[in-house]
Amino acid sequence: MSESKKTGLVLVLGGARSGKSRFSETMLRESGLEVHYIATAEALDGEMNARIAHHRASRPAEWATHEEPLDLPGTLAEIARPGRAILVDCLTLWLTNLMMAERDIEAAFDALAAVCPTLEGRVVFVSNEVGLGIVPEHRMARDFRDDAGRLHQRIAALADEVYFIAAGLPLKMKG
Amino acid sequence: MSESKKTGLVLVLGGARSGKSRFSETMLRESGLEVHYIATAEALDGEMNARIAHHRASRPAEWATHEEPLDLPGTLAEIARPGRAILVDCLTLWLTNLMMAERDIEAAFDALAAVCPTLEGRVVFVSNEVGLGIVPEHRMARDFRDDAGRLHQRIAALADEVYFIAAGLPLKMKG
Amino acid sequence: MSESKKTGLVLVLGGARSGKSRFSETMLRESGLEVHYIATAEALDGEMNARIAHHRASRPAEWATHEEPLDLPGTLAEIARPGRAILVDCLTLWLTNLMMAERDIEAAFDALAAVCPTLEGRVVFVSNEVGLGIVPEHRMARDFRDDAGRLHQRIAALADEVYFIAAGLPLKMKG
């Protein structure tokens, strides 16, 4: 139990098709824990649909799936428990959904940061690192990468382990 | 021979002007091996021409150069041999060429992945990490970074050593 | 003195909102040195103004601030001395200013590289890693990321310590 507590909260950062979802899924498959999957993606177009289907096909069929585009803190509070692992894929899509729905980003980040220390069992957040290209031309894209950066800093500060994934290989940043 | 086998396949990832080519060239210059260079770049405009000339000027004159925009697997199979090192610069330009020529990307990746384990001597692949900025607006750019990410994962899984280069400094991810 | 010499020059690289400024500020706050801050940012619009105010609010009030958009080498030469630390935030904005003012980029880089080894005390350069997204559409953005990459390589080669920051966490690349 104390060991499970030590690696309770995990943040897995990586670029597009870096293997961050697969790394997280493998980590949980090998954990022996009962796994619940929170999908933040909404299938708004065919391209997104294909990505979602691609990800779903790679997950074990026995993992329970929860589709939750907006109320991530509430869903986590509801389903987290000792002996269970929750995989959240991914935080950047959650942020996108919050922006599209014109929700209060700061309030949502505060709610997530507040719920994290109360969660029992293991929670693995997957997220896209998006801040290492040139400054985007559009204001919304700049806001998005700023918000994503601040969210990653907050979750990383709370996390027991943080990984940066490139080319499918993990680099441990914390833990 | 067994030592050369251990570090047979190397992937060197990095951003634009990160020093990934120079790092790879220095590694091979110090290897004492006979070096062959596969340039995947095609000089389609003046800017590209300048980049190619810049890279060429930094390489030892005695390195044999092969210009091969498309059939990278075939060229590798043809020129690889024990005691020889091949520097491929770079995979992302190869991918660009495949897309421009409307080739079957999956078949090309399969061919490269199939040939890698059969190559004798040392092979160093240089490639651009392009997946750490915000999602590109254009579909073709999104496809490109997805394909690049998948290619890097495949080559990294086969590689004996993987490096991530930033500001000219190597970070060993594998090996 | 010899210890201060060993960690005289520091480069802190990171993406947007990666926590690179905060990491650098914390490092200097804990150094016990008298800190001078060189701000390369110019408040040309409201968005930039907000960013500058945000950064200023996070710094100790007793740090002397120097606003210097262009003559960074001259300002460093003027204010560096033993027992003092200088925080330069950031090199990529300095490069932006040089481009906007149509200055000779190479000459400016040469001047900075020439002054660095002569500086006494500690100097910490903060800069944005911008080369890990897809190739930008516009020529100016491509030039910018190429120039930034070359500048980072030059400063990293001179530096005693280099850090890469992601999600607020430092990864030591050199030192």
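Chains here go by letter, A, B and C, matching the order in which they are written, and residues are numbered from 1 within each.
Throughout what follows, a residue touches a chain if its C-beta (ideal position, glycine included) is under 8 Å from a C-beta of that chain, and two chains touch if they have at least 3 such contacts.
All figures in this text were calculated on a predicted structure; none of them were measured in a lab.
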item: Classification of the chain B:chain C interface as same or different, half of numbers criterion; value: different
item: Angle (degrees, nearest 5) of the CA superposition of chain A onto chain C; value: 120
item: Whole-Å gap separating chain B and chain C, where each centre is the average of the chain's CA atoms; value: 31
item: Residues of chain C whose C-beta touches two or more other chains; value: 15, 129-134, 145, 171
item: Residues of chain A touching chain C in the complex; value: 11, 13, 15, 129-135, 139, 142, 145-150, 152-153, 155-157, 162, 164, 171, 173-174
item: Of chain B, residues touching chain C in the complex; value: 14-19, 47, 129-134, 136, 141, 144-145, 166-169, 171
